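Multiple structures follow.
Two complexes are shown next, each including chain A; its partner changes from chain B in the first to chain C in the second.
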Partner chain A sequence: MNEMAQLKKRRLALYGWMLAAPALALMSLFAFYPAVATFWHSLFTRGTTRRPSVFAGFENYGDLFSDPTFATVAINNLIYAGVTIPVSIFFALAMALWANAHIPARSFVRSAYFTPTILPMIAAANLWLFFYTPDLGVIDQITGFFGAEPTNWLGQPQTALASIIVVTIWKESGFFMIFYLAALQTIPPDLREAARIEGAGRWTYTRRVLLPLLMPTTIFVFVNAMINSVKLIDHLFILTKGGPNNASKLILYWIWEMAFSYFDTPHAAAMTMLVLLTLGIVAVIQFRLVEKRTHYR
Partner chain B sequence: MNTLVSSMPNKRRLPDLDKVFDAIGAWVLALVWISPLLFATWAALQPSGTALGLDFSTPLTFENFVYVWNAVPWLGYFANTVILVTLILAGQLVLCTLAGFAFARFEFKGRDTVFILVLLQLFILPEVLIVENYAIISKLGLFDTALGIGLPYMASAFGIFLLRQAFKSVPLELEEAARIEGCSWMGVLWKVYVPAAKPVYLAYALVSIATHWNNFLWPLIVTNSPDTRPLTVGLSLFGAPETGVDISVISAATLMTILPLLVAFLIFQRQFIQAFLRAGIR
Partner chain C sequence: MTAQTPFIEINSVSRIFNGGNGVHDLSIDIPRGSFVVLLGPSGCGKSTTLRLIAGLEIADQGSIKIDGKDVTNTPPSKRGLSMVFQSYALFPHLSVAENIIFGLKVRKTTKGEIKTRLAEALKVTGLEGCEDRKPAELSGGQRQRVALARAIVAGHPLCLMDEPLSNLDAKLRHSVRKDIRDLQQRLGITVVYVTHDQTEAMSMADIVILMKDGRIEQAGNPGDLYLQPATAFAAGFVGSPPMGLLPADALPTDVIPNGLAAKDLIFGIRPEDLILTTEQTGDMAGIPATVTGSEFLGAETFVYVAIPGTDGATARLPGRVHLSPGTEVSLRWAGAAAHWFDRETGRRHATAATSTAANAPSQTTEFQTSELQTTASLPSSPSSLLTL
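Right, the complex of A and B next:
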């Protein structure tokens, strides 16, 4: 009898593996193997037809660190993350509070906020071109009305990155809003009543009651925004191409450029490893933080 | 005492004022948020070249749309995108259902470790691994094919995770009842688990479609002909500023490419938002 049970258990285990196998195979081929291969290739020099590639240790990483473009791009990406994350979260929260309040035309307001989420980033960039075009664009028309000189928003180093950042915030805030919206709907209205009876004003209620209750959502949104600050670079292709003079270049765009414009795959691989390392750290933080809330069982 | 008295009537009136400010704030932000779309619509309807003064006296025209339609094989791009999105979704549904079922209902050695690895893939973004994935796709001979664009996305960690959660919440009694009636494992999956997870499937499908309809970087890298290029890549080539196309024409092209998705969104608004919500809360 015991043997029967043992046999059955083993058969089920085999069945389980077989069910998971196709997905695991593809995942290994396009996520795990490439991650390892990227590391491996980042240790070799770039091969040419005359000089085959040779083992170089961490030379490629050293090259990156001594390349001034690396510093520029890394700082750009830090600014990109440092601005888009908190500002998007702020807008998302404001949108959610408003979209949850009893205001007229609420469903219109809600979809207006959410619409950018479903547009391709490429299309979003095209839409914003119309805002940024010097002299003729919407922004310059407005500032020109007040007598300001036309500005080449995308073409000058001081404003290029900021212009990119604005588009990203516009694109992702409405997406983050829905998570806050969902969280707000789980908060019992009695809390607000209780706070009012205690004499807490609206601001106090938001700061002392709502924000702490929304903390898990904020962490979730924060992690997503962090991933987005690596991932969302499509608009660079339309708006600035990383220019002028690298002023708006972000890491993933740089990797693309190194690999597919300059065919310098070893350095692209080294840069990819640095990104993976960062994402890995984010993953660990997320698992640590979220463990308390959701149990992966 | 004094403050208490004076604050009483205030308190009754304040919420109303708050509501007015709320409404105004919400509307202003909403208008700002859709203004890029509104301005692009306006620009697309202006004669090209006359450009962009907000001059309401010029007659509206559809000539930009006609020009754009004739300049680029949009219908082909559109078909490519539809094929691509369908292919990816089909692959994802099959693979993630099987894997999700395995992780939810089977005990096997190393299951939990493997599952952590699967979750890790949520952070190893396919976008970041473009260099190696390009090499793999080329070696497989899939460069410039729909399968080449889609294959890296099919084993979606996200889909596996969602479906595993959904399957886990199905009561075991349902499964046992089906087994008593003589269902095989596949029968149980198909007759009990899949129907129970229907809303999750719908949510996942909408998110997947929207994501891959909009995907750009990877398709840009692995396509180089109009026969496989999706809409986003086509649009980016068309809109490239160095081609000297003016903004009315770019706006028309942009609106044309986003229209199908926009219309779908406006019709299925509720479902879309619900879908993103359900899919987002891990």
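Right, the complex of A and C next:
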């Protein structure tokens, strides 16, 4: 083989590694290494001054599955994800369709929808704390006007999780709307006219043309919503702290609690690994199944 | 054709947009089975007219009838027509076959019929073998044919086309032009076709409707438009290279038709009617001009000449002509080849003949004051109905 060509090939390979190196170094330091370390840590018992930590295999994982709180928290998070993801996507799409139509004060409508996104979650949670205040809050003022009894929305197990879910949807929909709005604006108006001439009504057009064309956006939004359903727990600190009786506790909050309130880091690590595993599996399924049926332009 | 009721009747329709564009008081009759081209520069209202027929725009006033039925306020899908868009408007996520049968599916046509119609449309447009491809995997010409197939698959008697060839390259455009014309004649459908390209209009149309500023400038068969342009605008728009239009006072007074004042006239001459001579002597003296350049095109040569006091003119000479820029020439033409237009209104002065030649002013000039039929559609007439 030509020596010069070989040299050039090698130089190109080196160049590629040089480009990848900074990202690789940072990712290794702040993502890959911590993940591996967490896994390693999850295999040991909790060490105290009297009893140093020893290798325990998957004992920590076994403890988790026999802990009833784990079941509660996992089910809470499933409900939380199962409601916030589809509902916020639905609202985002509906708002985008409306804000994209020719309506008066369009830019006002758009910015109004977007406002919750600009607020930090902590601020939004404080805002909603006032809304939910029994008797004095906006919600009870309104329901009281119709003669309903004051409700302790955040303080009773039946309504706590639902109240948290409402705040999340309120916060997320406006953010996702922006993506839908951007996607809608790339769809040429000709398509709608062509569909109209072919006899498609508004609903047929939406179902057969608009939604399929928005599919890439929907996948993007879906992945984001799913990640948020696990990682977005800021409002729990303000609103319920996971209570009452774990009724509104989500997995990440529980991990945080275990690691930094009870200092039980091995169990927290095991929990973290389970979350990572679940998210990984869901992501693979998503890309395998949904991508196949999606049209990218 | 006149005895038959027109297939499409547009009756004093106006649709005016903010900013004044649109169509004003438009009346057109389109016979069944004809190929009608709406021609004009951008912003002339030709696309608006098409969209009014399609039902994508609603007329502010006036009425539109298709096949004897008043469809002024009927939604597009109920008008029994199909449309080919400039962008083709193919659904990017659907395969070729799905694109073509989109409308049939929406209308809940039976599976068997969809299958036969799809097969037929694919055959007619030569798209067999591409059924499962997505529009992004097709060439521009193929996409255009998918749009055509979608338009004919439903078997509607009327097909509207909005500049369907403007995204194709010149060579393909020429062959598709012929294909569309053949298809229209084979299926016997009525086609209303919008374009700004006069070559397309002249080569395809049964009837050309030339529009300007939301009004009809002239309507008629391509021959009429070329030989008897009703206005100076029509004269300049139709034909390539365009007709030379010169203010008549730049011409020698002896060529002006009798009874008309040179300052009120525009003189028009087709490039092929101009005769160039380099001899200045003899009794054959014409208008003096200077050659500014020439283009050799194989079968013919375009020679550009400057005439003092005008924008110049173009002469179309057969074969190869060597005239270097700066050559002094003399321009002549057969008297009947001259077109005279009013400088104020742009309207044609209908003349049977002016002088037979530029150098024979002594001959009597006959004048026909009666206007041509088509001039009834000129902007000055308040509400004009064209019977084509």
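The rule is short, and it goes like this: the second predicted complex is superposed on the first by the 259 of 297 C-alpha atoms of A that agree within 3 Å, B and C clash if a C-alpha of one lies under 4 Å from a C-alpha of the other, contacts with A are read in each partner's own complex, and residues count from 1 in each chain.
By our rule, contacts are C-beta pairs under 8 Å (C-beta built on N, C-alpha and C of every residue); 3 or more make two chains touch, one makes a residue touch a chain.
Everything numeric in this text was worked out from a predicted model, so none of it was measured.
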Please determine whether it is chain B or chain C that touches the greater number of chain A residues.
B
Based on the superposed arrangement, let me know which partner A:A283 touches: chain B (first), chain C (second), both, or neither?
first
Touch check for A:N245: first (chain B), second (chain C), both, or neither?
neither
Counting only touches as set out at the top, which of chain B and chain C does A:E198 meet: first, second, both, neither?
second
Classify the contacts of A:V209 with the two partner chains as first (chain B alone), second (chain C alone), both, or neither.
second
Output check: A:P188 vs chain B and chain C. Expected answer is one of first, second, both, neither. What do you get?
second
Touching chain B in one complex and chain C in the other: list those residues of chain A.
297
Of all residues in chain A, those that touch chain B in their complex:
9, 12-17, 19-20, 22-27, 29-35, 37-38, 41, 91, 94-95, 98-99, 101-124, 126-131, 133, 136-138, 141, 170, 174-175, 178-179, 181-182, 202, 220, 224, 227, 230-231, 233-234, 237-238, 252, 255-256, 259-260, 265, 268-269, 272, 275-276, 279-280, 282-283, 286-287, 290, 294, 296-297
Report the residues of chain A in contact with chain C in the complex, numbered from low to high.
188, 190-191, 193-200, 204, 208-209, 212-213, 215, 295, 297
Chain A partner contacts - residues on chain B that touch it in the complex
18-19, 22-23, 25-27, 29-31, 33-37, 39-40, 43, 51-54, 94-96, 98-99, 101-103, 105-109, 111, 114-136, 151-152, 154-155, 157, 160, 168, 185, 210, 213-217, 220-221, 231-232, 235-236, 239-241, 247, 250-251, 253-254, 257-258, 261-262, 265-266, 269, 272-273, 276-277, 280-282
Partner chain A, residues of chain C touching it in the complex:
54-56, 75-77, 81-83, 85-87, 89, 91-93, 102-103, 106-107, 134, 136, 150, 154
